[in-house]
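Let me give you the structure first, and then I'll get to my questions.
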Amino acid sequence: MSLDADLLLLLVIGIDLFIGSTGRLGARIRACALQGLVLAALPLAIQGTGVLTGGERVLHTVLAVLATFLLKAVAIPYFLLRAMRQSGVAREAEPEHSLHLSLLLCAVLVGLSFWIGAVMLPPPEAGSSPLGVPAGLATLLVGLYLTVGGRTELTQVIGYLVLENGVFVIGQRVLGEFPLVVELGVLLDVLVAVMLMAVLVAFGHRPEGGSAGDGAATPAGGAR
Amino acid sequence: MFDVAVHITLLVLMPLPMLGLINRVKSIAAGRKGPPLLQPLYDVVKLLQKGAVYSRTTTWIFVAGPIVTLASAILAALIVPLASTTSPFGFPADVFVFAYLLGVGRFFTMAAALDTGSAFEGMGASREAAFAALAEPALFLALMIVCVPADSACFGDAFSAIPAAGGLLRHPGLLLAALALGVVLLAETSRIPVDDPNTHLELTMIHEVMVLDHSGPDFAFIQIGYALKFFALGAVLVHLVLPIPATGWMAPVLFVAGQAGVAITVGIIESVMARLRLSRVPQFLIGACVVAAVGVLVLFTGGRP
Amino acid sequence: MTLLWALLLVPVACIPIAALLPSAQAVLALCVAGAVAVAGIAAALIPSALESPVFAGGQQLMLDALSAYNLGIVVFVFGFSSVYALRYFGHGARDGTFGRSKARRFGAAWFGFLASMILVLVSNNVGMLWVAMETTTLASALLVCLDFDPPSVRASWTYLMICSVGIALALLGTFLLCGEARTVTNGAESPFLWTDLMRVASRMRPGAVKLAFLFLLVGYGTKAGLAPMHTWLPDAHGQAPTPVSAVLSGVLLNCALYSISRFLPVVEGSTGGDGWAFRLLVPFGLVSIGVAAAFIAHEHDLKRLLAYCSVEHIGIIALGLGLGGTTAALFHTLNHSVSKMVAFFCVGNLAHDHGTRDSRAIGGLLKTSRLAGVGLLVAVLALAGTPPSSTFMSELWIARDGIAGGHLAAVVAFLLGAAVIFVVLLRPILGMAWAPAKEGQPTVRARAVDWPLIVLPLALMVALGLWMPVFLSDALTRAAAVLGGVR
Amino acid sequence: MQGSALADPLSRILTVALVLTLLSVALFIIAGTLSALLGRLDRAALAVGTAGSLLACAVGLAGSVMALMDGGAETVASSWRLPIGAISMGIDPLSAFFCLCIFLVCGLGALFGAGYLRRGWLGRRRLAPALAFFNVLAASMVGVALARDGVLFLLAWEAMSLSSFFLVTFEGDRPETRRAGLVYLIASHLGLVPLIVLFVLLGGATGSFDFAAILAAGAPSALVATTCFLLALAGFGLKAGFWPLHAWLPEAHPAAPSHVSAVMSGVMIKLGIYGLLRTLTFLGEPPEWWGFVVIVVGIVSGVGGVLHALAQHDLKRLLAYHSVENIGIIALGVGLGIVGRANGNTTLSFLGFGGALLHVLNHGLFKGLLFQGAGSVAHATGTRDIDSLGGLLRRMPVTGTTFLVGSAAISGLPPFNGFVSELLIYVGAFVGAVELPASSALWTLAVVPALALIGGLASACFVKAFGVVFLGEPRTPAAAAAHEAGPSMRWAMLLGAGLCVLIGVVPLVALRLVEAPAFALSGAAALPEGVVDVLSAVAGIALALGVLVAVLAGLRWALLRGRDIRQAATWGCGYEAPTARMQYTAASFADPILAPSESIFDRHVHAEGLVGYFPVAASHRRHLGDMAADRVLAPGVDALLSVFRRIDFLQQGGVPRYLVWVLLTVVVLLVWQLGAF
């Protein structure tokens, strides 16, 4: 187990807390990008430098790292930032709760994840980071908090991204690595999903579009 | 053959004078001399000799009413044992048939009443229907009290099975049955306290108002039918109360005395009581049903004889 | 086997073609042609797949009896829906409301949708299964917001968001399951391949497998529209263009449920076959039926009505699986898909003829639009489980297997719920049939193409209610055998 | 039921009988399909549909009578592959008897319907659906009676419900018809639920729906048997119209065209009784309390039905409530039969089941007749409101006379058929009271006064119906302008009335018809002693009554010959200008009977009394709400709908809220299954 991996995982948690505590959408998106970067680095850190001498697996790892980096750290944040600008959403996210409260909640979620990781799950095998599951779980929960608690659509999309990151971290913890096809497929799906979401959000925030999330509750045709 | 002769003789001779007897009793109670015992018979004979007036509204139902009523009353009276414990015309389960024959007569009387289109007659039919429906369960329950111990729903078997000794208290259930049947008799034959046959206000009548439009032979038929119905129900009551032997000279004597007693009792009741308010009559009849039901319970809990 | 690859690649190849075709008409024609081609390939594959699984790409692609059966339903519904799309968008293509760019978008997403659904069915790799499942969401979200008007965008957004988040849970479940499998596989076995998972199932720890299954159930259950995760469904199915609604309701839900059922034998293998995983489906089934009944009772939008009805039927299928009526549940899958498809076709035609989907605003149904009206009535009767439709038979079958399995209370609840739904579903339809036609509503003659589209599937439903062909009963038995339950 | 029929050379009769009844089903279906295909050619559809029905009924009637006379059972199974279940049909005395009822009533209904539809609807409405669904209804009813497999039974059952639903909604553009249709649909579908559970439970562990297999598996355990019995009581009782499951009946039956009402009331609801009886054959020896339950159901249905009937102003609604009443009477018989069976008393059991079965036939005949009469009246006057009619006997002599026959029969009066079956039930109750131990005897004896009360009230009700509709003076111009029904309608009513009289006068023939099924149900091997005597006596009484009436009529004729017979106005007690509006109305007629029961039933009175010294107008309307519908069903439906409305929160609040449900599900599952990990 390398120190780097633990550090990276701590960084992931730190980013979670930051996303939870900031009110600015732009900052959140950039934090997301940073988290993507960390995630891309994570396999390298876990497998250490041995990765570069493993023959066939090298290509696999390098490809996965590159793809993660490109998509999660570059492409997705880019689309989100563009959508933010297009939709003309205020830079300040929204006063959903007071930001202190939000931070506090995220901290509680992180604590909860550590507790679950320590109490409910079997101890990690030798050679993997003990922080893997708690970090992943914390990210997942913070992501869920953002999707459920977020009042603008973009916050929800960010929440979805964070959640996906959390799942990925947990996956890496329990699986070590994914088959390349699967990993690429998942990444592509996430990309397309976020792009679509961004487009829809952008449309929904055109002057007459109204709030997309709330509108879904009122059916068409004046049914209710 | 002899019993048939006795049966028919009684059937022909007794019913109309019984009505005369009631009137006589009432007159005496009122301090008058009253009409002759055979006055109802004279009336009927006179009616039979007359022509008739029909309402333009009526149809053949109006004509059929008295005929069917009389026919069913004759059959009912044939079924009931008279001066013997059995009737020569009895058959298994004749108890039910007896009750339903009375029903046939009532149905057609009511239909004929409605045929005139008169509000008064409709009113009478309506009341008759209501009271008859309520009297029906009492009649059946009373009859069951007699029939169940005998294991037979035939008047003959049932009356034969009533033990001779003990008078009115031969069986407590029997007493209750007689009580209920008495009420049924008053209701079915439209006597006080259910109906006042002598009233002059159509609004308060039941039976009389139903036959307002009948005249001549039709009305005679109705009167005869009415008398027969009274006679038949009275005969059942007599058998419940008096131990009439199966054969012998005592039987007709006791029977005639019993029927006279029924007539006199009705006369006395009519003299001392007033007609009930119409809205109270159902209560009176339901009371009879309850009495009869208690009789059934007594029968079963007291062990069947 | 190359046919399996062809099955997957033909629709994939059609995506760019559709995106490049010069006219809307051409795109619609391609849709039909592509769907027919895929159906042809599937028809060639299915018989052998029913006999024994067909593999391709190493072990990555597999078509076994269960997926072959579902594939049959997919290509059937897709084929009919493609033809219907031709009819539905046809006048739009002529008068310009269904323009070239829209048509291209439609065509590409349509084939992407088909390809991803086929991938769901043929992938032996549970990771790919997830990827394919998410791809169906993306492709169909595009289809839902084809018109790009506010309601459809809102519906599409809700759909995308809920299903993406929900299905992320399924990804978590997949990871947990494969992580557990990794600890017990040897070098030759892959923790991601379903066939290998089945092989090592008995060696996995039941607790971990159960935890993973919970996430899989909720995740894919969201996509399948099981209550209470169904909330996105009425919006999406209601707002999508009608051919898309037909496919969404008709087969997409099946595919999601298929994904859940894939994992059932794995969990059973791990837990020693005590039926834990199957039992977990029962409450979802019952809640879905109940919730559907509640919402149908107050719904007037015909397409949303049918959408809630899908919630009910997915609930019934889940219940059937849960109660041990595997065969019956699979049979019900077919029945629901076909009848729901026709119901959507008819509603689409009615909405076009009457200019509204509000059941209160439509009158004289059986007179003004005779074929669509009668078709809708019959389809809804079938959906409501009226004899002699095959839906009645499969519901009866589920009830029988449920009671034979000792689940009397659940079966009674199911039947009562179904009876209530019968009433609330039929009420608006009958209301439309009886209400006088609205002023100025012309009598619309059905087009020639409507007859086979509506009459054929309905005839099939009645025929299957009265006659079970040998090949179908074989297919059902074999497919049910994959799930480990044969009755 | 009587051993192997194949060994017996006479069983060829049975085979022929089965073939004939199956042929009739095919004929119904062909006639229905043809008339549906004829579509717009109304006259052709009418001719083909009616002719097909009549032919099918004739063929089937022959078959069912043959099977009844033979008394054996035969089944034919086909290799047809239903998804589950099997196409297996058979005939035995019970089936044959109900088939007989179906063919008789449907035949008369089709005959009546030909004229009714032609005169009432030709050119105003498409006739083909009415004819097609009528034939499908008949075919499915026969299918129900012949089915030997649970799934086939349910199929036929539901086909019956649906085809009758479409017939009920024949006049779907009238709001009350729509309401009736919906209520009917709800009721019949809810009734299907217990039936499905019932048949599945009957199949037991084998999961077979085959009746023979169910029988071969032997009687189920007491718990299962009781559950099955209660399910059958609920499911079949709903179709039969047991109180309080009857609420759909007074809505649906009046809404249908009259010949359909006749079939629905006459036989369709009786198939509920058939189902109950058929179920009983699977359940082994019944415990006694089942019989008590059925008796109580019978009493409540009978009294409740007739009291509500009395309060009705709509002639067909009145008749529909009388169906509830008569189903109650049938239930009394069935209850007695069960009690007899439980006590091993075959006499009681035979009389109970026999009386019930005969009443099924009788009610089919007279209720069919009465509905047809009501249809003629409605057709001739354009109204079914009793208080708008009057004086129709002069204008419609055949309708009126046959309606009178039906009225007397349904009131259970001799010499008509209703009396015969009621008498059997009376005698049965009496036998039970005499031969059973006191605790059971009281239950059976309770039948006697109950039946008496029902009979008395029914007779009151039909005096009212017949008297107000057909007698007196017409209350409206429409009634005054009424005309007699068409020839086919007249013939149908005359035939029905003739059969009512026939069974009443020659009850032994009727006994012969119910003998075989009653044997099978009761386990009796021979006619109980005395039954023949009783029925012969009934014949004698009928004859005597006829003779006496003839003699008295002759006497009256002789007396009045040559005398002064005058016509005058009805005696108005001195009032010289009576008008038709002064006649007693149906509502007033029923009032003395309903007043005492006012505290039990919800009676809504809307009265504007006379006010001031010179009152201008006053009105008084009364309406007796249906207790079961008003107090149980309507609040139940409202409660369910309000619960449904409250669930709306699930679908409110957009994406965040929706996601909460997903997460909540995960949490609930995790907590619930915590122990599983």
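Letters A, B, C and D mark the chains as written, and numbering starts fresh at 1 in each.
Everything below uses one rule, namely that a contact is a pair of C-beta atoms (placed from the backbone, for glycine too) under 8 Å apart; a residue touches a chain by one contact, two chains touch by 3 or more.
Being a predicted model, the structure only gives us computed values, none of them experimental.
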Between the pairs C-D and A-D, the one where more C-beta pairs touch: C-D
Farthest chain relative to chain A (centres taken as mean CA coordinates): B
Distance between the centres, which are taken as Cα means, of chain D and chain C, whole angstrom: 44
Chain centre separation (chain A, chain D; CA means) in Å: 69
CA centroid of chain B to CA centroid of chain C, Å: 78
Chain A and chain C: spacing of chain centres that average the CA atoms, whole Å: 30
Contacts with 2+ other chains: residues of chain C: 157-158, 161, 165, 232, 234, 298
Junction residues of chain D - those touching two or more other chains: 651, 654-655, 659
Shared-contact residues (touching 2 or more other chains) in chain A: 144, 147, 153, 156, 212-213, 215-216
Touching pairs among all chains present in the structure: A-C, A-D, B-D, C-D
Interfacial residue positions of chain A with respect to chain D in the complex: 144, 147-151, 153, 156, 211-217
Chain A contact footprint on chain D (complex, rising order): 651-656, 659-660, 663
Chain C residues touching chain A - in the complex, by the definition given at the top: 60, 125, 127-128, 130-131, 134-135, 137-138, 141-142, 145, 148, 150-151, 153-158, 160-161, 164-165, 168, 171-172, 175-176, 178-180, 182, 190-192, 232, 234-235, 238-239, 298-301, 304, 356-358
Chain C-facing residues of chain D, complex: 80-84, 151, 154-155, 158-159, 162, 169, 172-173, 178, 181-182, 185-186, 189-190, 192-193, 196-197, 200-201, 203, 205, 207, 209, 640-641, 643-645, 647-648, 650-651, 654-655, 657-659, 661-662, 664-666, 669-670, 673, 676-677
Sites on chain D touched by chain B in the complex: 390-391, 393-394, 404, 408, 411-414, 419, 423, 426-427, 430, 433-434, 438, 441-442, 445, 448-453, 455-457, 459-460, 462-464, 466-468, 471-473, 530, 533-534, 537-538, 540-541, 544-545, 548-549, 552-553, 555-556, 559-560, 563-573, 578, 580, 582-584, 588-593, 595-596
